[in-house]
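Just below is one structure, and these are the notes that go with it.
Read from first to last, the chains carry the letters A, B, C and D; within each, the first residue is number 1.
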Amino acid sequence: MAKLRYGMVGGGPGAFIGEAHRKAISLDATAELVAGCFSRNHEKCLAQGEILGIAPQRCYPDYREMARAEAAREDGISFVVVVTPNNTHYEICKAFLEAGIHVACDKPLVTTVSEAEELERLAKDKGLLFMVTYTYTGHVTMKFMRDLIRGGEIGTVRTVMAEYPQGWLYKENDWGGKQGEWRCDPAQSGRVNCLGDLGTHVENAVATVTGLKIKRVLAKMDVVVPGRKLDDNDQILVEYEGGATGINWTSQFAIGCDNSLRLRIYGSKGSLLWFQETPEEVTLIREDGIPNIIKRGYGAVTPGAAKYGRLPSGHTEGWLEAMGNLYDSFAACVQAKNQGSFMEDMIDYPTIEEGVNGLKYVEACLKSNEKGNIWVSL
Amino acid sequence: MAKLRYGMVGGGPGAFIGEAHRKAISLDATAELVAGCFSRNHEKCLAQGEILGIAPQRCYPDYREMARAEAAREDGISFVVVVTPNNTHYEICKAFLEAGIHVACDKPLVTTVSEAEELERLAKDKGLLFMVTYTYTGHVTMKFMRDLIRGGEIGTVRTVMAEYPQGWLYKENDWGGKQGEWRCDPAQSGRVNCLGDLGTHVENAVATVTGLKIKRVLAKMDVVVPGRKLDDNDQILVEYEGGATGINWTSQFAIGCDNSLRLRIYGSKGSLLWFQETPEEVTLIREDGIPNIIKRGYGAVTPGAAKYGRLPSGHTEGWLEAMGNLYDSFAACVQAKNQGSFMEDMIDYPTIEEGVNGLKYVEACLKSNEKGNIWVSL
Amino acid sequence: MAKLRYGMVGGGPGAFIGEAHRKAISLDATAELVAGCFSRNHEKCLAQGEILGIAPQRCYPDYREMARAEAAREDGISFVVVVTPNNTHYEICKAFLEAGIHVACDKPLVTTVSEAEELERLAKDKGLLFMVTYTYTGHVTMKFMRDLIRGGEIGTVRTVMAEYPQGWLYKENDWGGKQGEWRCDPAQSGRVNCLGDLGTHVENAVATVTGLKIKRVLAKMDVVVPGRKLDDNDQILVEYEGGATGINWTSQFAIGCDNSLRLRIYGSKGSLLWFQETPEEVTLIREDGIPNIIKRGYGAVTPGAAKYGRLPSGHTEGWLEAMGNLYDSFAACVQAKNQGSFMEDMIDYPTIEEGVNGLKYVEACLKSNEKGNIWVSL
Amino acid sequence: MAKLRYGMVGGGPGAFIGEAHRKAISLDATAELVAGCFSRNHEKCLAQGEILGIAPQRCYPDYREMARAEAAREDGISFVVVVTPNNTHYEICKAFLEAGIHVACDKPLVTTVSEAEELERLAKDKGLLFMVTYTYTGHVTMKFMRDLIRGGEIGTVRTVMAEYPQGWLYKENDWGGKQGEWRCDPAQSGRVNCLGDLGTHVENAVATVTGLKIKRVLAKMDVVVPGRKLDDNDQILVEYEGGATGINWTSQFAIGCDNSLRLRIYGSKGSLLWFQETPEEVTLIREDGIPNIIKRGYGAVTPGAAKYGRLPSGHTEGWLEAMGNLYDSFAACVQAKNQGSFMEDMIDYPTIEEGVNGLKYVEACLKSNEKGNIWVSL
């Protein structure tokens, strides 16, 4: 089976997230990077291309040209990875979809629901695959929890306590460097900061694991650290369809928290606990109240989750492996598309539908907050 | 110094909480039980009195008679401990206050704000001490956190994530035995179950440790487990005076949680983490993001907290010691009152003012919930 | 049922361990202190007696007189608690045994095997009960582990990793105050320091929980901190009868360790993990490798262990409760002796036989170390 | 800078460790695989080569031929990775060293000290680099601890408690599949099983982090699980030069342990704790006894360790990254060799000297055990 070829938009020198995507894809060598528009500055693009071993003629000065040219090549890319700033995703994704190229795009997908829905429609019309890289859902343990809940292990979900606090922006007049500056700047980030960056991960993680759909939200979005202009602490009441409830909390000033995405899911027959910073384990508690700590690699892990593990239990896997898992499923689907054997149920990665849901969530929260913390339906 | 004498109302055979109070008081032998109205059934009262070594003539059939008789004795009790069901506290406490006897009453204090305020007024008018036994605040580690925050160690408090989930009432048609039945029964508990039992502990713990006063609440009080008639899951947004925010969560169906009172306090210069089920330690995180786990008995603990420890670090103290600490301070104050040396700043236990605040909190939450989860000021 | 009466030798003003024993006994009010020889200085003895509410005529200047006088009284003590320095235990215990009074003695019992055996013989001849207060074995969780192993839950024990490091004597020329000075002084402690104080706890904890008997030891006893004269770090290989092996480690300079008694027991079908500083839980791992964290108060705890709990799960119990549990069983046995209903299998506390075993262990280790770390049989 | 080219001996289809090395090298794309002798079966070798994208003419049927041919090519490999079974390492490494090619070899290096020393001499004579892939020492946190100890942060090391228990071979007549069978078979593994596989990791981890050299050992190597012929539980007393002591424990039947390499290092001014299964953090305890939990990515991490991190703190890195770190340093040294800029102090990976030390440790332990657990000098 020939290796897939892919291209990248963004991911120039020093761009953390682009390099992370490349490393994740290279983990299982499922696809080879052959083209890129790594920077709007063509010099920088060429320099990065040289480092990455990309032929100069496939280091494009413009993403539109890249989409066209790669679509036209016999050995053109099968998919593109979009890792540019947030507010450029829409145009870039659209260009590649129109050129008939599958897309993997970093989250958050775009800035409005309508843009997201347009991309969703376009992908559907063209029969193209579209992944939104909510990395955390790639963890074996996340897939395991999803399987446990589907299998009825904890009964009906009653309430979900979900949170993703960080602490790096706790300080007045400290903008967290390049990463923080654009997030905190309304001109670049739009109306939302913390909720867009972290809140969408929370929403997506809960949805992926529990299968619950949000019915309505009541959001308190606060601007706390002196000098900030956008939300840096979001405390949100959630009602899910079917009656479950929950709280989603995100913060950027919670000193001592790094990427502290945590899920605590309470059902009628048991509970599940998960923490992103120790992603190799799940705590399952059944009706006897006894925590069972189940690790990736154990016999108890469901096959649909276990298959993503690369190393025996005790050899820790981390964030890159989680992202690699998303790409493994995505690449397998792209291959199947190429070979005409694709089936919908092969998809085991976050799709554009989840990207759309993330934006709906953000918009409903913004509306709730603006109106004084009232319930807003999604 | 003569040992104090005290009496008890409630605490008959098999009553867990009465026995717990007696054990806590006996820990440091600060006061001796000499009188009681242990049961409305006089036979039972006498039987319990015999077990406890109380003279039969001081085993009273009626608490009013007890108040009168003990007030009249030269060797009468200095204080009474009230550990009867909730809805009887008001009349009992009133009787003893009117008889000029100091009162220690189990929480929640009474069932309405107006009753609470009346008791508060009465105690004040009579110059009597009134403790409400919010046990958890007696932990050395809680007092240590209070001192750290007062000392500015974590700067200005920005947000407080507080919770007290339990799991014992997760099951349909299982009422948790005698303890659960009355709590879940509107006829005995009034309009509130989980929030009264657990939510008041959360409110009080945050207030004690941070010194923050609640400005307003937005409460979602849900009746979740099939068959329940009162709230068993409460998710509450809080705004404090001065601008801090928080979430208070309590639940009775969170499988795997026992008495999982947890505080996470995020300030402008650091954070504090505390968990009731490992009460011997506090996690303090300063601006470098590094958790410091400080244990009771360590040199780093402030003197005002450290003095309550009985055992060297590593010899675990628990819930009884926490309650004992409350009584140590209360007994010292009663002694000082008896000797005319009492000063207000000697008080290091939860007073009736905190009992009043707990009821205000409950009433505001009930109102918020009834009106569809709107903000209600306290 | 009349309350038992007991006396105490030692436990004068400021003596931590005497006060701890009194608190532990008072927890369940199983016995009342009515006599004592609290200090060799009679003034101090009387002063302490007054604080404790003991009649002056029962505050004895001499333990021998106390033994005689109490034995002669109709309302004399049923048992004595010996909490004096180690090297005085033998004479004191002997005096009370000879007077026909049951004995509870702090550990380590005495300083030589022959003294210990003599006391054992004496108690047996007189039909008297003799408890050695290895406090940690009183924990509900310890009894639970013992029951699990007896019930075959983890199969045959293969190896036991046991340790009890402390850190308080890590510093050169710092003798840890009054507590440390006598321990580190050969004139007062004899040939052993760390192994006597901590090593006997380790030996006893393993024996109690596993039921294993030590066949032979190979001991490395080091004097590490500059200025010390006795062992402060002991690393010991153990072979048990039946073939199991183990390592016992104790230290006094392990910075960051308080009372870090830890047991890790590996059997043919499962493992058990326990840590003294979180004594409310046991980790049981069966063949699937999944840790099950079982807490005191849970339904899974065996009845013979569960019955010692005083508080519902989630209300932490600690070290005092563990000691209280020893006294509960001891007092029940003394009562049964008094009433003629005693049966051997009622004993659920560490007996003098265990005190003898502790001394045999220490002597074998000393011999092994002196001979250059060779195997020495017990 | 041109990418390095490397070859591999071993790592055929289904070989876990070969694939792991390839993934680790690919993480930072420091070298490209261009040649291999992946299997003694040439068909299999070619098949694997095709999957890996290696030209058929560089898929060699014989490692000697590969060494010769690659050494002769202008575009030949700069280094070879040897991931064959243990007992073949010697001949293979020798062949490549003789051909002038740098070597990275899996641990344990070879089966006797003399073979190891011969390879060491050969590498030295030829001026070639030789890495032994003790993966765990690649963790940022391990390098951080090394730096802390070198910097005097915990004073003089006094005792080291080191262990690496596993549980996968706990079961009678269960040989743990392909991985276990050869380890447990004297014909393939020689005289040692558990100590060679796990004990060498322990020895190397302690040496790397503390800089201590072993003076002598007293080893108890037991064959415990019925049916085993080689050691599956090793409990070893260690004396280091300079007077520090320690215990090294390894086991294959410790149910509940996966890759539970744990270091606890106690110095005169502080302690360091580390656990391989949570490799993102180090616990540093200074004289105040307060655990400081320091994570990879924090400002407190020393620059020499921090530079190996790829992801911000909170994005977990794991075992592959640790191995990748070894290769990053090795590849940088190989590049420097190629460019004539190599300096000894550039080496930040385990060298053949450490491989030799591992074998000396194993041989001394075997001798100690055979002679009845006596001290044997290294």
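Just so we're on the same page, a contact is a pair of C-beta atoms (placed from the backbone, for glycine too) under 8 Å apart; a residue touches a chain by one contact, two chains touch by 3 or more.
On a predicted model such as this, the values are computed, not experimentally measured, just so you know.
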#### Entry: Result of counting contacting C-beta pairs for A-B and A-D, higher pair
A-B
### Task
Farthest from subunit A by Cα centre, which chain is it? Let me know.
C
### Task
Just give me the whole-number Å value for how far the CA centre of subunit A lies from that of subunit C.
56
### Query
What whole-number Å value describes the gap between the mean CA coordinates of subunit A and subunit B?
44
### Summary
Distance between the CA centroids of subunit A and subunit D (whole Å) is 35
### Task
List, in ascending order, every residue of subunit A touching at least 2 other chains.
258, 289, 291, 295, 313
#### Entry: subunit A to subunit D touching residues, read off their complex
3, 16, 20, 23, 26-29, 52-53, 166, 257-260, 276-280, 295, 297, 310-321
### Task
Can you check the complex and tell me which residues of subunit A touch subunit C?
288-295, 298-300, 313
### Task
Can you check the complex and tell me which residues of subunit C touch subunit D?
154, 158-159, 161, 163, 165, 167, 170-172, 218, 220, 222, 224-225, 233, 235, 237, 245-247, 249, 251, 253-256, 258, 264, 266-271, 273, 283, 285-287, 289, 291, 372-375
